[in-house]
Amino acid sequence: MWKAKTPGIPDELFEHDIGCGSGSISVEAALQVEESGSVHAIDFDAKAVELTKKNIAKFNLENILVSFGNAKEIINSLPDADAIFIGGTGGDTKEIVELCENKLKSGGRIVIGIILIETLYSVLKTIENLKFTSTDITQITIGKSRKTSTGTMMLSRNPVSVISSTKI
Amino acid sequence: MWKAKTPGIPDELFEHDIGCGSGSISVEAALQVEESGSVHAIDFDAKAVELTKKNIAKFNLENILVSFGNAKEIINSLPDADAIFIGGTGGDTKEIVELCENKLKSGGRIVIGIILIETLYSVLKTIENLKFTSTDITQITIGKSRKTSTGTMMLSRNPVSVISSTKI
Amino acid sequence: MWKAKTPGIPDELFEHDIGCGSGSISVEAALQVEESGSVHAIDFDAKAVELTKKNIAKFNLENILVSFGNAKEIINSLPDADAIFIGGTGGDTKEIVELCENKLKSGGRIVIGIILIETLYSVLKTIENLKFTSTDITQITIGKSRKTSTGTMMLSRNPVSVISSTKI
Amino acid sequence: MWKAKTPGIPDELFEHDIGCGSGSISVEAALQVEESGSVHAIDFDAKAVELTKKNIAKFNLENILVSFGNAKEIINSLPDADAIFIGGTGGDTKEIVELCENKLKSGGRIVIGIILIETLYSVLKTIENLKFTSTDITQITIGKSRKTSTGTMMLSRNPVSVISSTKI
């Protein structure tokens, strides 16, 4: 079974959430690590930062710091992380993964959500050339039910790929 | 390998297409069987019948008959079939499958496209209770590429199930 | 965003895990609710019960009770639940869902993992006839990467359907 | 609707099948084009060539030529093609696509079946840099039914991607 509360997310210490969007991952991570850790959320979209702050307030969380700006400039000023989640980038995923390699503690896990074929390939190649091991790709396709007048049909969501890998 | 030009569609004689929609299946079947066979297309939507006729004209086909009306009333007047395709029904799929059992020659194949969970179950149970064998369900999920400004993403189409079965 | 730490799992009080298997859901639920709640795990396979106990020990959890036996006989002796998860049944899913209706508090959520087409239909119909609302079906198809000598291929896991619904 | 009997396969003239495997595509294509065209099948696996020949005999086809050898050496000796299908390569997909560009008539279609993430990316990039247009990627995930003692489950086949593109 998994070694932590949620597979791939250690139970304590520092986690970074790059491209935090609505803050869903940051909030979940902050709830998991509780007082024993903290989360840094970054987004270069001001609306995403605002939304993340609202969700932090909603859950009364005090262990999330939110930064507005370019992850490539902010990452270096952050503490070393036990886990890094990359939910979105402005097309610089490869560069950001390279910067994250330095910020991730040995044994720490990087988890990257990917939509584009080109990014999937590029991140896979980047990780193979950096100090990572136990790389895994999961492609997820979800169907959700919709009730119609004659019965229940399934509507497909677009597929998402998730690469996760452990820093050597 | 398959025994016919297209798996599940015999190369000659009579084929019925119930709920023919745009006529795509009828046209394909008519092209496959050529002079040696003919196709009966049925739809109770006048627009579908018109569209099917247009597509028949476009392909210069003379071996498709199109009927406008309720399949449940029309089926009995048709000749026995070597293959029946059911692309859509007005919620009477179960009844129509039962009527088709009588119209299908021994060794003939019925192929049914299905979207609703309720129809999938109901047709599966119906077929199990009729004179059919070699029943197979295939669920198909398709992703199609879309070029974006930053790369190529995949868009999911809704899943479709196809039940096919052979008349004993 | 979700109202609880993990969507569909309330943060406290009683949760039941029917057909607990390895105990993965029970352990996750127990970690989520912490001291404020407890989990009842049930399985009629002695090996599953042993495995669940091992996993409970591994995580040092004191808020999981494990019962060996038939869920249909045990459910009535359990306290009312805030959430019930049904991971597996011996083909009695419909009956067990009916029993769970009585054990679930108003506003509580039932979550059922399903593999068979017949069970999917039967549970969907059962829930529609009981005091449930906000029923949702999610079908999940997962691909996992495998490294080959020439590159990275994706291997598909079999699809799983999850029905979740809220007690009125 | 499609312009030809089977979408992407023109109804006449020359078609090449690179990595023909069992010959399924070659046989289907030969049946489609009939007397008005011919198919060249190539494979560097002697067993695949034998199997293709058996299937050609089974269908009494006289319009398929089978070549045993390396597609990269054979392609140049073939006539210009109206359609080329690449079902498998020994890791040289990129090079073979480049060679095929010269062999494909203007308006002809290349269709490539792909399993590896690296090949998907590499072929996509190669095609973008050659004289091709209307490039489309389709990812197909299939589930097939299996009858168990308690009901009908779906078994997933591994996903396959198909790139198709038209020579300018």
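Just a few scattered comments:
Residue numbering begins at 1 within each chain, and the chains themselves are lettered A, B, C and D in the order written.
Note that in this section a contact is a pair of C-beta atoms (placed from the backbone, for glycine too) under 8 Å apart; a residue touches a chain by one contact, two chains touch by 3 or more.
Predicted model, so just to flag it, every value in this text is computed and none were measured.
Between the contact lists of subunit C and subunit D, the overlap consists of A, B. Where subunit B touches subunit C, over half of the residue numbers in use are shared by the two copies, so each contributes mostly the same positions.
Greatest Cα centroid separation from subunit C: this falls to D. Superposition of subunit A on subunit D using C-alpha atoms only gives a rotation of 180 degrees, nearest 5. The mean-CA centres of subunit B and subunit C are about 39 angstrom from one another, to the nearest whole unit.
Mean C-alpha positions place subunit B and subunit D at a centre distance of 26 Å. If you average the CA atoms of subunit A and of subunit B, the two centres end up 45 Å from each other. Each of residues 117-118, 124, 137, 139, 141, 143, 145, 152, 154, 159 in subunit B touches at least two other chains. The touch graph of these protein chains is complete, with an edge between every pair of chains. Residues 1, 5-6, 22-24, 27-28, 31-32, 55, 58, 124, 135-145, 152, 154 of subunit B are the ones that touch subunit D when the two sit in their complex. Residues 117-118, 120-121, 124, 137, 139, 141, 159 of subunit A are the ones touching subunit D in the complex.
Across the interface of their complex, subunit B is touched by residues 91, 115-119, 141, 143, 145, 148, 150-159 of subunit A.
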